[in-house]
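Got a structure here, written out as C-alpha coordinates. Questions coming.
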Amino acid sequence: MGAREGGFAVTYRSLQRATTLDRVCSMRTHTTYRIFETARRQEIIDITDDVEACRAEADITEGMILVSAMHISASVFVNDHEPGLWQDIQQWLEERIAPWSPDDYRHNRGTGEDNAAAHLRSLTLGHEVIVPVTAGRLDLGPWQRIFYGEWDGQRPKRVIFKALGT
Amino acid sequence: MGAREGGFAVTYRSLQRATTLDRVCSMRTHTTYRIFETARRQEIIDITDDVEACRAEADITEGMILVSAMHISASVFVNDHEPGLWQDIQQWLEERIAPWSPDDYRHNRGTGEDNAAAHLRSLTLGHEVIVPVTAGRLDLGPWQRIFYGEWDGQRPKRVIFKALGT
Amino acid sequence: MGAREGGFAVTYRSLQRATTLDRVCSMRTHTTYRIFETARRQEIIDITDDVEACRAEADITEGMILVSAMHISASVFVNDHEPGLWQDIQQWLEERIAPWSPDDYRHNRGTGEDNAAAHLRSLTLGHEVIVPVTAGRLDLGPWQRIFYGEWDGQRPKRVIFKALGT
(Lines give C-alpha, C1' and ligand atoms only; values in the text may rest on other atoms or scores of the structure.)
Protein backbone atom coordinates (compact mmCIF):
# COMPACT_ATOMS: atom_id res chain seq x y z
CA MET A 1 0.00 0.00 0.00
CA GLY A 2 1.37 3.37 -0.87
CA ALA A 3 1.84 6.10 1.70
CA ARG A 4 -0.97 8.64 1.52
CA GLU A 5 -0.47 12.30 0.88
CA GLY A 6 -2.61 15.40 0.72
CA GLY A 7 -5.72 13.96 2.29
CA PHE A 8 -6.43 11.52 -0.52
CA ALA A 9 -7.86 8.05 0.04
CA VAL A 10 -5.78 4.91 -0.12
CA THR A 11 -4.03 4.12 -3.40
CA TYR A 12 -2.91 0.66 -4.33
CA ARG A 13 0.71 0.32 -5.34
CA SER A 14 2.21 -3.00 -6.36
CA LEU A 15 5.52 -4.26 -7.65
CA GLN A 16 4.94 -6.08 -10.88
CA ARG A 17 8.22 -7.72 -11.80
CA ALA A 18 11.90 -7.05 -12.04
CA THR A 19 14.63 -8.12 -14.36
CA THR A 20 18.34 -7.50 -14.13
CA LEU A 21 20.70 -7.88 -17.01
CA ASP A 22 24.40 -7.53 -16.58
CA ARG A 23 25.84 -7.25 -20.06
CA VAL A 24 29.56 -7.54 -19.95
CA CYS A 25 31.49 -5.73 -22.65
CA SER A 26 28.65 -5.20 -25.10
CA MET A 27 27.19 -1.73 -24.54
CA ARG A 28 26.80 0.01 -27.88
CA THR A 29 25.36 3.14 -29.43
CA HIS A 30 23.61 3.48 -32.77
CA THR A 31 22.48 6.72 -34.37
CA THR A 32 20.07 7.40 -37.20
CA TYR A 33 18.50 10.60 -38.51
CA ARG A 34 15.29 11.14 -40.42
CA ILE A 35 14.18 14.20 -42.31
CA PHE A 36 10.56 15.29 -42.28
CA GLU A 37 9.24 17.82 -44.74
CA THR A 38 5.57 18.28 -43.97
CA ALA A 39 3.02 19.37 -46.52
CA ARG A 40 1.26 21.53 -43.93
CA ARG A 41 2.87 24.07 -41.69
CA GLN A 42 1.64 22.20 -38.60
CA GLU A 43 1.39 18.43 -38.51
CA ILE A 44 1.54 15.52 -36.08
CA ILE A 45 3.22 12.37 -37.43
CA ASP A 46 3.43 8.93 -35.81
CA ILE A 47 7.13 7.96 -35.80
CA THR A 48 6.91 4.84 -33.63
CA ASP A 49 7.94 2.61 -36.54
CA ASP A 50 11.00 4.79 -37.13
CA VAL A 51 12.01 4.34 -33.49
CA GLU A 52 11.58 0.57 -33.76
CA ALA A 53 13.64 0.59 -36.96
CA CYS A 54 16.47 2.31 -35.06
CA ARG A 55 16.22 -0.31 -32.31
CA ALA A 56 16.36 -3.17 -34.81
CA GLU A 57 19.33 -1.66 -36.67
CA ALA A 58 21.12 -1.05 -33.37
CA ASP A 59 20.38 -4.66 -32.47
CA ILE A 60 19.86 -3.79 -28.83
CA THR A 61 17.54 -5.78 -26.58
CA GLU A 62 18.03 -3.75 -23.38
CA GLY A 63 18.57 -0.02 -23.09
CA MET A 64 17.07 3.29 -24.16
CA ILE A 65 16.50 5.27 -27.35
CA LEU A 66 16.68 9.05 -27.35
CA VAL A 67 14.33 10.57 -29.94
CA SER A 68 14.97 14.28 -30.28
CA ALA A 69 13.91 16.98 -32.73
CA MET A 70 16.94 18.87 -34.03
CA HIS A 71 14.91 22.04 -34.59
CA ILE A 72 13.55 24.60 -32.15
CA SER A 73 10.06 24.86 -33.62
CA ALA A 74 9.13 21.16 -33.38
CA SER A 75 8.35 18.58 -30.69
CA VAL A 76 8.71 14.88 -30.01
CA PHE A 77 6.17 13.44 -27.59
CA VAL A 78 4.38 10.27 -26.55
CA ASN A 79 0.60 10.04 -26.64
CA ASP A 80 -2.39 8.48 -28.43
CA HIS A 81 -2.73 7.41 -32.08
CA GLU A 82 -6.13 9.10 -32.43
CA PRO A 83 -6.75 11.73 -35.13
CA GLY A 84 -9.36 13.59 -33.08
CA LEU A 85 -6.81 14.11 -30.34
CA TRP A 86 -4.23 15.37 -32.84
CA GLN A 87 -6.69 18.05 -33.90
CA ASP A 88 -7.42 18.83 -30.24
CA ILE A 89 -3.70 19.28 -29.57
CA GLN A 90 -3.29 21.73 -32.45
CA GLN A 91 -6.40 23.70 -31.48
CA TRP A 92 -5.30 23.77 -27.84
CA LEU A 93 -1.85 25.06 -28.77
CA GLU A 94 -3.40 27.78 -30.96
CA GLU A 95 -6.23 28.90 -28.70
CA ARG A 96 -4.96 28.33 -25.17
CA ILE A 97 -1.19 27.78 -24.99
CA ALA A 98 0.58 29.86 -27.64
CA PRO A 99 -1.52 31.65 -30.28
CA TRP A 100 0.29 32.20 -33.56
CA SER A 101 -0.41 35.99 -33.48
CA PRO A 102 2.87 37.04 -35.08
CA ASP A 103 2.62 40.68 -34.02
CA ASP A 104 2.60 39.78 -30.34
CA TYR A 105 6.19 38.55 -30.08
CA ARG A 106 9.53 40.38 -29.94
CA HIS A 107 11.22 37.43 -31.65
CA ASN A 108 9.25 38.11 -34.82
CA ARG A 109 9.99 41.83 -34.84
CA GLY A 110 13.72 41.34 -34.39
CA THR A 111 14.33 38.50 -36.80
CA GLY A 112 11.86 38.97 -39.62
CA GLU A 113 10.38 35.57 -38.79
CA ASP A 114 6.78 34.94 -37.75
CA ASN A 115 7.22 31.68 -35.83
CA ALA A 116 7.74 32.68 -32.19
CA ALA A 117 4.61 30.72 -31.26
CA ALA A 118 6.18 27.58 -32.75
CA HIS A 119 9.09 28.00 -30.33
CA LEU A 120 6.71 28.25 -27.37
CA ARG A 121 4.82 25.16 -28.54
CA SER A 122 8.10 23.26 -28.80
CA LEU A 123 8.92 24.27 -25.23
CA THR A 124 5.49 23.27 -23.90
CA LEU A 125 5.44 19.76 -25.36
CA GLY A 126 9.19 19.25 -25.25
CA HIS A 127 11.56 18.34 -28.06
CA GLU A 128 12.64 14.85 -26.96
CA VAL A 129 11.63 11.59 -25.33
CA ILE A 130 13.55 8.60 -24.04
CA VAL A 131 12.00 5.27 -25.02
CA PRO A 132 12.89 2.23 -22.90
CA VAL A 133 13.87 -1.00 -24.65
CA THR A 134 13.26 -4.29 -22.83
CA ALA A 135 13.50 -7.86 -24.06
CA GLY A 136 14.09 -6.79 -27.62
CA ARG A 137 11.19 -4.37 -28.08
CA LEU A 138 10.15 -0.78 -27.35
CA ASP A 139 8.74 -1.01 -23.84
CA LEU A 140 5.64 1.14 -24.36
CA GLY A 141 2.26 0.92 -22.68
CA PRO A 142 -0.70 -0.42 -24.68
CA TRP A 143 -1.76 2.99 -26.03
CA GLN A 144 1.58 4.75 -26.16
CA ARG A 145 2.87 5.87 -29.55
CA ILE A 146 5.69 8.28 -30.38
CA PHE A 147 5.00 11.45 -32.40
CA TYR A 148 6.83 14.18 -34.22
CA GLY A 149 5.01 17.49 -33.82
CA GLU A 150 5.82 19.96 -36.55
CA TRP A 151 4.92 23.55 -35.63
CA ASP A 152 6.64 25.37 -38.53
CA GLY A 153 7.16 22.97 -41.41
CA GLN A 154 7.05 22.89 -45.20
CA ARG A 155 10.85 22.60 -45.17
CA PRO A 156 13.24 19.74 -44.37
CA LYS A 157 13.72 19.17 -40.63
CA ARG A 158 15.70 16.45 -38.86
CA VAL A 159 15.05 14.13 -35.93
CA ILE A 160 17.87 12.16 -34.28
CA PHE A 161 17.35 8.63 -32.95
CA LYS A 162 20.19 7.46 -30.70
CA ALA A 163 20.09 3.99 -29.16
CA LEU A 164 22.24 3.10 -26.16
CA GLY A 165 22.14 -0.43 -24.83
CA THR A 166 23.15 -4.05 -25.17
CA MET B 1 31.67 34.72 -14.45
CA GLY B 2 29.06 33.74 -16.96
CA ALA B 3 28.63 35.58 -20.22
CA ARG B 4 25.77 38.03 -20.05
CA GLU B 5 22.82 37.98 -22.39
CA GLY B 6 19.71 40.03 -22.94
CA GLY B 7 20.77 43.08 -21.00
CA PHE B 8 20.81 41.34 -17.63
CA ALA B 9 23.35 42.12 -14.96
CA VAL B 10 26.26 39.86 -14.19
CA THR B 11 25.51 36.31 -13.09
CA TYR B 12 27.93 34.22 -11.12
CA ARG B 13 28.74 30.82 -12.57
CA SER B 14 31.10 28.41 -10.85
CA LEU B 15 32.33 24.89 -11.38
CA GLN B 16 31.66 22.91 -8.26
CA ARG B 17 33.38 19.58 -8.73
CA ALA B 18 33.86 16.82 -11.21
CA THR B 19 34.18 13.08 -10.98
CA THR B 20 35.01 10.61 -13.70
CA LEU B 21 34.39 6.93 -13.41
CA ASP B 22 35.51 4.53 -16.04
CA ARG B 23 33.75 1.28 -15.36
CA VAL B 24 35.19 -1.44 -17.48
CA CYS B 25 32.90 -4.27 -18.40
CA SER B 26 30.20 -3.66 -15.82
CA MET B 27 27.46 -1.53 -17.41
CA ARG B 28 24.09 -3.08 -16.63
CA THR B 29 20.38 -2.42 -16.96
CA HIS B 30 17.65 -3.23 -14.47
CA THR B 31 13.93 -2.81 -15.02
CA THR B 32 11.03 -2.74 -12.58
CA TYR B 33 7.38 -1.81 -13.01
CA ARG B 34 4.89 -0.57 -10.47
CA ILE B 35 1.13 -0.41 -10.79
CA PHE B 36 -0.81 2.51 -9.34
CA GLU B 37 -4.55 2.36 -8.90
CA THR B 38 -5.59 5.66 -7.41
CA ALA B 39 -8.70 6.12 -5.29
CA ARG B 40 -9.37 9.49 -6.88
CA ARG B 41 -9.47 10.24 -10.59
CA GLN B 42 -6.67 12.80 -10.18
CA GLU B 43 -3.85 12.31 -7.70
CA ILE B 44 -0.21 13.22 -7.18
CA ILE B 45 1.91 10.51 -5.53
CA ASP B 46 5.51 10.75 -4.31
CA ILE B 47 7.39 7.83 -5.90
CA THR B 48 10.93 8.82 -4.90
CA ASP B 49 11.25 5.76 -2.67
CA ASP B 50 10.23 3.53 -5.58
CA VAL B 51 12.99 5.04 -7.71
CA GLU B 52 15.55 4.49 -4.95
CA ALA B 53 14.31 0.89 -4.61
CA CYS B 54 15.01 0.35 -8.31
CA ARG B 55 18.48 1.82 -7.90
CA ALA B 56 19.24 -0.45 -4.94
CA GLU B 57 17.94 -3.56 -6.75
CA ALA B 58 19.95 -2.63 -9.84
CA ASP B 59 22.97 -2.20 -7.58
CA ILE B 60 24.26 0.72 -9.62
CA THR B 61 26.33 3.52 -8.11
CA GLU B 62 26.80 5.61 -11.28
CA GLY B 63 24.32 6.12 -14.09
CA MET B 64 20.73 7.14 -14.74
CA ILE B 65 17.22 5.87 -14.04
CA LEU B 66 14.42 6.45 -16.53
CA VAL B 67 11.05 6.80 -14.77
CA SER B 68 8.24 6.80 -17.31
CA ALA B 69 4.47 6.52 -17.14
CA MET B 70 3.23 3.80 -19.49
CA HIS B 71 -0.12 5.55 -20.01
CA ILE B 72 -1.06 8.61 -22.02
CA SER B 73 -3.18 10.28 -19.36
CA ALA B 74 -0.54 10.44 -16.61
CA SER B 75 2.71 12.26 -15.87
CA VAL B 76 6.00 11.74 -14.10
CA PHE B 77 7.70 14.90 -12.89
CA VAL B 78 10.14 16.29 -10.34
CA ASN B 79 9.08 18.98 -7.90
CA ASP B 80 8.29 19.75 -4.26
CA HIS B 81 6.88 17.45 -1.56
CA GLU B 82 4.36 20.05 -0.41
CA PRO B 83 0.63 19.26 -0.35
CA GLY B 84 -0.42 22.87 -0.97
CA LEU B 85 1.56 22.85 -4.20
CA TRP B 86 -0.02 19.56 -5.28
CA GLN B 87 -3.41 21.21 -4.97
CA ASP B 88 -2.13 24.26 -6.85
CA ILE B 89 -0.92 22.02 -9.70
CA GLN B 90 -4.30 20.33 -10.03
CA GLN B 91 -6.21 23.62 -9.90
CA TRP B 92 -3.83 25.18 -12.42
CA LEU B 93 -4.26 22.27 -14.83
CA GLU B 94 -8.04 22.52 -14.49
CA GLU B 95 -8.46 26.28 -14.66
CA ARG B 96 -5.63 27.51 -16.82
CA ILE B 97 -3.92 24.75 -18.81
CA ALA B 98 -6.48 22.11 -19.85
CA PRO B 99 -10.00 22.30 -18.40
CA TRP B 100 -11.73 18.94 -18.17
CA SER B 101 -14.78 20.24 -20.18
CA PRO B 102 -15.46 16.96 -22.00
CA ASP B 103 -17.70 18.50 -24.67
CA ASP B 104 -14.90 20.74 -25.93
CA TYR B 105 -12.69 18.02 -27.42
CA ARG B 106 -12.95 15.99 -30.63
CA HIS B 107 -11.19 13.07 -28.94
CA ASN B 108 -14.15 12.61 -26.60
CA ARG B 109 -16.73 12.75 -29.37
CA GLY B 110 -14.95 10.20 -31.53
CA THR B 111 -14.00 7.64 -28.91
CA GLY B 112 -16.76 7.71 -26.31
CA GLU B 113 -14.16 8.73 -23.73
CA ASP B 114 -14.22 11.94 -21.69
CA ASN B 115 -10.51 12.25 -20.86
CA ALA B 116 -9.00 14.41 -23.62
CA ALA B 117 -7.95 16.95 -20.98
CA ALA B 118 -5.97 14.23 -19.20
CA HIS B 119 -3.96 13.72 -22.40
CA LEU B 120 -3.18 17.44 -22.63
CA ARG B 121 -2.13 17.50 -18.95
CA SER B 122 0.18 14.54 -19.59
CA LEU B 123 1.74 16.45 -22.49
CA THR B 124 2.20 19.65 -20.48
CA LEU B 125 3.98 18.08 -17.51
CA GLY B 126 5.60 15.27 -19.51
CA HIS B 127 5.41 11.53 -18.95
CA GLU B 128 9.00 10.78 -17.95
CA VAL B 129 12.09 11.96 -16.10
CA ILE B 130 15.70 10.82 -16.02
CA VAL B 131 17.17 10.72 -12.52
CA PRO B 132 20.96 10.85 -12.21
CA VAL B 133 22.70 8.37 -9.89
CA THR B 134 26.04 9.38 -8.37
CA ALA B 135 28.10 7.75 -5.64
CA GLY B 136 25.42 5.20 -4.90
CA ARG B 137 22.43 7.49 -4.46
CA LEU B 138 19.82 9.42 -6.44
CA ASP B 139 21.58 12.70 -7.22
CA LEU B 140 18.68 15.05 -6.48
CA GLY B 141 18.76 18.59 -5.14
CA PRO B 142 17.70 19.24 -1.56
CA TRP B 143 14.02 19.79 -2.38
CA GLN B 144 13.64 17.56 -5.41
CA ARG B 145 11.24 14.63 -5.18
CA ILE B 146 9.84 12.47 -7.97
CA PHE B 147 6.06 12.27 -8.53
CA TYR B 148 3.52 10.27 -10.44
CA GLY B 149 0.68 12.50 -11.61
CA GLU B 150 -2.51 10.59 -12.31
CA TRP B 151 -4.95 12.55 -14.48
CA ASP B 152 -7.46 9.74 -15.21
CA GLY B 153 -7.17 7.05 -12.58
CA GLN B 154 -9.31 4.67 -10.57
CA ARG B 155 -7.89 1.84 -12.67
CA PRO B 156 -4.53 0.01 -12.70
CA LYS B 157 -1.80 1.97 -14.48
CA ARG B 158 1.89 1.15 -14.83
CA VAL B 159 5.13 3.06 -14.44
CA ILE B 160 8.44 1.69 -15.72
CA PHE B 161 11.71 2.25 -13.86
CA LYS B 162 14.78 1.40 -15.95
CA ALA B 163 18.26 1.80 -14.47
CA LEU B 164 21.33 2.00 -16.70
CA GLY B 165 24.73 2.24 -15.09
CA THR B 166 27.56 0.61 -13.25
CA MET C 1 7.11 8.41 -47.96
CA GLY C 2 5.56 8.50 -44.52
CA ALA C 3 2.13 7.13 -43.80
CA ARG C 4 -0.45 9.89 -43.72
CA GLU C 5 -2.63 10.63 -40.74
CA GLY C 6 -5.45 12.98 -39.87
CA GLY C 7 -6.35 13.98 -43.39
CA PHE C 8 -3.08 15.79 -44.04
CA ALA C 9 -1.36 15.78 -47.39
CA VAL C 10 1.71 13.70 -48.10
CA THR C 11 4.78 14.29 -46.00
CA TYR C 12 8.25 13.38 -47.12
CA ARG C 13 10.24 11.20 -44.74
CA SER C 14 13.77 10.11 -45.51
CA LEU C 15 16.50 8.18 -43.78
CA GLN C 16 19.60 10.29 -43.69
CA ARG C 17 22.39 8.07 -42.42
CA ALA C 18 23.20 5.60 -39.69
CA THR C 19 26.23 4.80 -37.65
CA THR C 20 26.80 1.98 -35.23
CA LEU C 21 29.57 1.91 -32.72
CA ASP C 22 30.22 -1.07 -30.52
CA ARG C 23 32.55 0.09 -27.82
CA VAL C 24 33.82 -2.87 -25.86
CA CYS C 25 34.71 -2.29 -22.25
CA SER C 26 34.88 1.49 -22.34
CA MET C 27 31.51 2.90 -21.24
CA ARG C 28 32.09 5.59 -18.67
CA THR C 29 30.26 8.26 -16.70
CA HIS C 30 31.44 11.75 -15.82
CA THR C 31 29.66 14.22 -13.58
CA THR C 32 30.10 17.95 -13.12
CA TYR C 33 28.02 20.56 -11.32
CA ARG C 34 27.77 24.28 -11.87
CA ILE C 35 26.29 26.88 -9.58
CA PHE C 36 24.33 29.81 -10.98
CA GLU C 37 23.51 32.83 -8.88
CA THR C 38 21.56 35.19 -11.08
CA ALA C 39 21.48 38.94 -10.58
CA ARG C 40 17.79 39.03 -11.51
CA ARG C 41 15.06 36.88 -10.07
CA GLN C 42 14.23 35.54 -13.54
CA GLU C 43 16.90 34.96 -16.15
CA ILE C 44 17.65 32.76 -19.14
CA ILE C 45 21.30 31.75 -19.54
CA ASP C 46 22.96 29.92 -22.45
CA ILE C 47 24.82 26.95 -20.94
CA THR C 48 25.77 25.16 -24.18
CA ASP C 49 29.47 25.79 -23.57
CA ASP C 50 29.15 24.25 -20.09
CA VAL C 51 27.65 21.12 -21.62
CA GLU C 52 30.45 20.91 -24.17
CA ALA C 53 32.98 21.36 -21.35
CA CYS C 54 31.46 18.35 -19.57
CA ARG C 55 31.68 16.32 -22.79
CA ALA C 56 35.33 17.24 -23.28
CA GLU C 57 36.25 16.44 -19.66
CA ALA C 58 34.38 13.14 -19.89
CA ASP C 59 36.29 12.44 -23.09
CA ILE C 60 33.30 10.72 -24.67
CA THR C 61 32.70 10.70 -28.42
CA GLU C 62 29.44 8.70 -28.43
CA GLY C 63 26.67 8.80 -25.84
CA MET C 64 24.41 11.23 -24.04
CA ILE C 65 24.68 14.04 -21.50
CA LEU C 66 21.94 14.63 -18.94
CA VAL C 67 21.64 18.32 -18.04
CA SER C 68 19.29 18.76 -15.10
CA ALA C 69 18.41 21.60 -12.75
CA MET C 70 18.73 20.49 -9.12
CA HIS C 71 16.09 22.98 -7.97
CA ILE C 72 12.31 22.95 -8.32
CA SER C 73 11.92 26.55 -9.45
CA ALA C 74 14.21 26.40 -12.49
CA SER C 75 14.29 24.81 -15.94
CA VAL C 76 16.72 23.42 -18.46
CA PHE C 77 15.56 23.55 -22.06
CA VAL C 78 16.73 23.65 -25.67
CA ASN C 79 15.79 26.53 -27.96
CA ASP C 80 17.06 29.60 -29.78
CA HIS C 81 19.91 31.96 -28.85
CA GLU C 82 17.83 35.06 -29.56
CA PRO C 83 17.30 37.72 -26.87
CA GLY C 84 13.89 38.76 -28.19
CA LEU C 85 12.67 35.21 -27.76
CA TRP C 86 14.03 35.06 -24.20
CA GLN C 87 11.91 38.09 -23.37
CA ASP C 88 8.93 36.49 -25.11
CA ILE C 89 9.36 33.35 -23.00
CA GLN C 90 9.38 35.32 -19.76
CA GLN C 91 6.38 37.43 -20.75
CA TRP C 92 4.49 34.33 -21.89
CA LEU C 93 5.16 32.55 -18.60
CA GLU C 94 3.98 35.61 -16.66
CA GLU C 95 0.92 36.53 -18.70
CA ARG C 96 -0.36 33.26 -20.10
CA ILE C 97 1.11 30.19 -18.37
CA ALA C 98 1.69 30.90 -14.68
CA PRO C 99 1.29 34.48 -13.40
CA TRP C 100 3.42 35.27 -10.38
CA SER C 101 0.33 36.46 -8.38
CA PRO C 102 1.52 35.18 -5.00
CA ASP C 103 -1.87 35.39 -3.31
CA ASP C 104 -3.41 32.92 -5.75
CA TYR C 105 -1.54 29.82 -4.61
CA ARG C 106 -1.94 27.56 -1.58
CA HIS C 107 1.80 26.81 -1.64
CA ASN C 108 2.58 30.41 -0.76
CA ARG C 109 0.07 30.56 2.10
CA GLY C 110 1.31 27.35 3.70
CA THR C 111 5.05 27.86 3.43
CA GLY C 112 5.62 31.60 3.72
CA GLU C 113 7.16 31.57 0.23
CA ASP C 114 5.89 33.51 -2.75
CA ASN C 115 7.30 31.36 -5.56
CA ALA C 116 4.55 28.87 -6.44
CA ALA C 117 4.47 30.28 -9.98
CA ALA C 118 8.17 29.46 -10.35
CA HIS C 119 7.33 25.81 -9.62
CA LEU C 120 4.64 25.79 -12.31
CA ARG C 121 7.03 27.39 -14.80
CA SER C 122 9.62 24.70 -14.01
CA LEU C 123 6.98 22.04 -14.68
CA THR C 124 5.87 23.60 -17.97
CA LEU C 125 9.33 23.90 -19.54
CA GLY C 126 10.80 20.90 -17.74
CA HIS C 127 13.88 20.70 -15.56
CA GLU C 128 16.15 18.54 -17.73
CA VAL C 129 17.28 17.66 -21.23
CA ILE C 130 19.32 14.83 -22.72
CA VAL C 131 21.88 15.99 -25.27
CA PRO C 132 23.14 13.42 -27.78
CA VAL C 133 26.88 13.15 -28.41
CA THR C 134 28.04 11.84 -31.81
CA ALA C 135 31.49 11.78 -33.37
CA GLY C 136 33.01 13.76 -30.54
CA ARG C 137 30.60 16.69 -30.42
CA LEU C 138 27.19 17.72 -29.08
CA ASP C 139 24.82 16.52 -31.79
CA LEU C 140 22.57 19.59 -31.92
CA GLY C 141 20.68 21.05 -34.86
CA PRO C 142 21.94 24.29 -36.43
CA TRP C 143 19.89 26.58 -34.17
CA GLN C 144 19.72 24.48 -31.03
CA ARG C 145 21.31 25.85 -27.88
CA ILE C 146 20.89 24.69 -24.28
CA PHE C 147 19.55 27.08 -21.62
CA TYR C 148 19.17 27.35 -17.89
CA GLY C 149 15.91 29.09 -17.01
CA GLU C 150 15.97 30.67 -13.57
CA TRP C 151 12.47 31.44 -12.25
CA ASP C 152 13.40 32.30 -8.62
CA GLY C 153 17.04 33.25 -8.43
CA GLN C 154 19.33 35.69 -6.67
CA ARG C 155 20.71 32.76 -4.66
CA PRO C 156 23.11 29.92 -5.53
CA LYS C 157 21.45 27.10 -7.48
CA ARG C 158 23.01 23.99 -8.99
CA VAL C 159 22.79 22.21 -12.32
CA ILE C 160 24.13 18.67 -12.79
CA PHE C 161 25.80 17.57 -16.04
CA LYS C 162 26.20 13.79 -16.29
CA ALA C 163 27.82 12.25 -19.35
CA LEU C 164 27.36 8.56 -20.19
CA GLY C 165 29.14 7.14 -23.18
CA THR C 166 32.33 5.90 -24.77
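We call the chains A, B and C, going by the order they appear; numbering starts again at 1 in every chain.
By our rule, contacts are C-beta pairs under 8 Å (C-beta built on N, C-alpha and C of every residue); 3 or more make two chains touch, one makes a residue touch a chain.
Computed from a prediction, not measured in an experiment: that's the story for all the values here.
Fitting on CA atoms only, what is the rotation between the copies chain B and chain C? Please report it in degrees, nearest 5.
Fitting chain B to chain C on C-alpha atoms yields 120 degrees.
Examine where the copies chain A and chain C touch and state whether the two sides share over half of their residue numbers (same) or under half (different).
Copies use mostly different positions to touch.
Provide the C-alpha centroid distance between chain A and chain C, rounded to the nearest whole angstrom.
Computed value for the inter-centroid distance: 15 Å.
Using the touch rule from the top of the page, what residues of chain A touch 2 or more other chains?
Counting only residues that touch two or more other chains, chain A contributes 25, 27, 83, 87, 97, 124, 126, 130, 164.
What residues on chain A touch chain B, complex-wise?
Touch list, chain A to chain B: 2-3, 5-25, 27, 62-64, 77-80, 82-85, 87-89, 92, 96-97, 124-126, 129-130, 132, 134, 139-141, 143-144, 164-166.
Which of the residues in chain B come into contact with chain A in the complex?
Against chain A, the touching part of chain B is residues 25-40, 43-46, 50, 57-58, 66, 68-72, 81, 83, 86-87, 97-98, 105-111, 116, 119-120, 122-124, 126-128, 130, 156, 158, 160, 162, 164.
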